[in-house]
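Multiple structures are listed underneath, in structure tokens.
Here chain A shows up in two complexes: once beside chain B, once beside chain C.
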Partner chain A sequence: MTNRTRTLTAAVLGAGAIPGIADAHLVNTGFGPFYDGISHLFVTAPDILVVVALGLLAGLRGPTTGRTTLAVVIVAWTVGGLTGLALAPPVVWAAATTVTFLALGAALAVDREVPTGVVAALGLGVGLLHGFLNGAEAATSGIGLVGLAGSLSALAVMATLITALAVTWAQGWTRIVVRVAGSWITAIGILMLGWLFRPGA
Partner chain B sequence: MTNRFRYSAFAATATLALLWPLFAWAHEETGQAAGFVSGLTHPISGLDHVLAMVAVGFWGAQLGAPALWALPVAFPVVMALGGMLGLMGIPLPGVEIGIALSAVALGAMVVGEAKPGLPIAAALVAFFAIFHGHAHGTELPDGASGLYYSIGFVIATGLLHAAGIAFGMVHERPNGPVILRAAGGLVLVGGLYFLWRAIG
Partner chain C sequence: MISRGLSTTCRAAAACVVVVAALALPASALGHELDPGFLQVTESEPGVYAITFKVPTAGGRRMPLQPMFPVGCSETSPMTSRPSGTGFLERWQISCDGSLLGETIRIGGLERTYTDVMIRVELAEEEPLSYIVQSVDPSVIVGGEGQGSQGALAYAWLGFEHILLGIDHLLFVLGLLLIVQNRWMLVKTVTSFTVAHSITLAIATLGFASAPAAPLNAAIALSILFLGPEIVRVWRGETSLTIQHPWVVAFAFGLLHGFGFASGLTTIGLPSGEIPLALLLFNVGVELGQLVFVVVILALERAFRVLEIYWPRWAEMFPGYAVGSLGAFWTIQRTWMLLGG
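Showing the complex of A and B:
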């Protein structure tokens, strides 16, 4: 790794770690913490965008990559979630979660062949980060382990459905639709970074 | 139409329908729904934006693959860079003129059925995308969520491109090329009107 790459990596990681505004939040469904946890995933745009982007990316690479990444991201999200629940840090790394879906959206739009290991590694990083933040929020909001279980259930179902759909969309015009969706996700990420770093934020 | 195509189209539509409202409505905090709706309506609230967006689709349809999908992929990403500048308060001179010129230039390309190479077409579209993005970025309403505003206006922009492409498919029909060039002419005239207003 050259000095320039090292500096750039440090700057990106540093920017990503700046605590930001809480975009993730909890909805009181009235049905208890498990359902609050389920709804949490669906109303937290960075989480949904990252699950959609990762599921599509893994699915486009074929069934083997899809299955591997799916398993990795669910386990990583669980490990991250339990860690966040235990540590309960009162921070929301908005820039970091934005960078994750931005990068996955860009990878989706570019649509280059990448080995299964690379996609699975992306799933590992994404799962640990987003899971950790989910767990931390479950702890601070009081929905605890049951809420986290709801959130994980929603994640598993969504990720499985999206990855499975993407496997069937890997050929023809639907692959192009998926790539366009990747460019939209990238665009949303870029705009979100602009909003996070706007004057007075 | 094959069964596979039908099933894929149904699955794509069902997934979009499933995901779409979830971004916007299920929040207790303030700013998310307002941000999403503002973002969604912003690109369609100005005819100058609409003309340029659909013209991207018209031109893509004339150029055919890979420009047909490459232009709508390039546009939102570069537009977002312009939007980021706007959100961060970095000024860009002549935004309104740039937006009007985009309609003029893209309308002219469609009227002339110009077929430059993909890099040139993508560069032209990307250049004008910065002005559209900047205008969107600077007009984020107070109190609205930037994330949901961004989601809204990226979706709206993409759907305008899709509408342009869908209309552009007339190119494959008898007399379709003439109809499409006439539509490009309307974009060009509209662009000239907005240019006159922007300068005057």
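Showing the complex of A and C:
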């Protein structure tokens, strides 16, 4: 790793560690906290993008990596969510959640062969971090355990569908489509980081 | 689902989603008690408005909803209130300093509920205006753009909401999905359920027939309970009329469920001129909600096969027990309520 790369990596990781003020992305659907929790995943860009990026990344590596990562991320998200719900810290760590999907998008675009354990470990980290923040938001917004259950249900369904889609698209030209999706996710992450650290923000 | 071999892959997850939803939804959603309210505001002469407010009940009590009109409006006749169907019908008259056009009408207390209120405003020399307000934004600006779900869309939204909150309807559909053996049978079953509930939805909305809420809800619960043992028969490789011809059962019980869907429309007391359009769009909303549910379950089934996820035996059996147990619970609960418990 060159000095320049190290500096860039440190800057990105350092930026990710900066906690922001709580800014819950909760939509009152009018259907109750369970559906509010479901909608939360779809209206929180870092959450839905990290699920898409991780699902595609795991799915491209085949069914074994796909289902292993799926199981790990769902369990980690649940553990993180319950912890966040219990502790309810008033932070969102927006930069950190942006960095996670940016990094996963980049890994997807690069498409290097990585072992199942590495992808599953990424799923573990992503699940714990995003789950923790989801749980914290559920606590501070008042939707509580029921809302978190909705959020987890949406996560499980979306992650399963996306991972399976990537498995079926792992061969031929569709693999390129998935990699392009990774580059778009990275681009969105860079834009979001730029927005978060714009002058005067 | 679809075939015995395929169904084992998604039964557990599908049932988990539904059971979590069933447990997570407010208790009032389980008994079709989330009927919408309806506020009719009719300008009888300049500045004078006749108000009709149909207030739904929750747990047998009038929901604490109250229309709030702009400053400058005051009651000019005392309110009359009487029970009407599953709610209360209230009428009174107000007088306002000017037209309500451009003014805000708010439903006080709505933000603490999960129900909707349809607001219909008929101003002199203006086209009638319809809105749906929800807890998230319980007010509308009369004649304003982008106010909640408006006009025709409001009815479709009502239907969509009714099926998504009607967890018992979804559980019945899931039970059917677990019984059907192939894709053609799936198409026939879902279609016959759709046709059947559309028939009774139309009959009830047009006023040709009605079903009292308490026995209807008990019968709907019984229809879910009925599917539990049939799912067990499928596991055991046995056969029955339901397994051979699930579309027959879907049609028969679909007639019951249609009366249940109708409560979402009939309780708001539609103006006669709007009934055909409202009926059509409400049904479109119901079908869209049902379609989303079926597509998600089928997509999950396909995903589990692609990912080569195989469930343990207890997980395979869980959905059947979930359908049967919840059906039994609701049957007992609703029968108890029917008997005055």
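Things to note:
Definition applied: the second predicted complex is superposed on the first by the 183 of 201 C-alpha atoms of A that agree within 3 Å, B and C clash if a C-alpha of one lies under 4 Å from a C-alpha of the other, contacts with A are read in each partner's own complex, and residues count from 1 in each chain.
Convention: contacts are C-beta pairs under 8 Å (C-beta built on N, C-alpha and C of every residue); 3 or more make two chains touch, one makes a residue touch a chain.
Fair warning: this is a prediction, and the values are worked out from it, not measured in the lab.
Once the two structures are superposed, chain B and chain C can be ranked by residues of chain A touched, with B on top. Using the contact criterion defined above for the overlaid structures, shared-chain residue A:Thr160 touches chain C, although it does not reach chain B. Contacts of A:Met192 after superposition: chain B is touched, whereas chain C is not reached. When the shared chain is aligned, chain B and chain C each come close enough to touch A:Thr168.
When the shared chain is aligned, chain B comes close enough to touch A:Ile176, but chain C does not. Once the two complexes are overlaid on the shared chain, A:Leu87 sits clear of chain B and of chain C alike. With both structures placed on the common chain, the touch criterion links A:Pro63 to chain C but leaves chain B unconnected. When the two complexes are overlaid on their common chain A, residue A:Gly32 makes contact with chain C while staying clear of chain B. Touching of chain A by both chain B and chain C, each in its own complex, is seen for residues 27-28, 165, 168.
Contact residues of chain B toward chain A in the complex are 8, 11-12, 15, 19, 22-23, 26-29, 69, 72-74, 76-77, 79-81, 83-89, 137, 140, 145-151, 154-155, 158. Touching chain B in their complex are the following residues of chain A: 23, 25, 27-28, 39, 42-43, 45-46, 48, 52, 109, 162, 165, 168-169, 172, 174, 176-177, 179-180, 182-184, 186-199. In the complex of the two chains, the chain A residues touching chain C come out as 27-35, 63-64, 66-67, 70, 146, 149-150, 153, 156-157, 160-161, 163-165, 167-168.
Put simply, chain C touches chain A in their complex at residues 13, 17, 20-21, 24-26, 29, 114, 116, 134-136, 161, 164-165, 296, 299-300, 302-304, 306-309.
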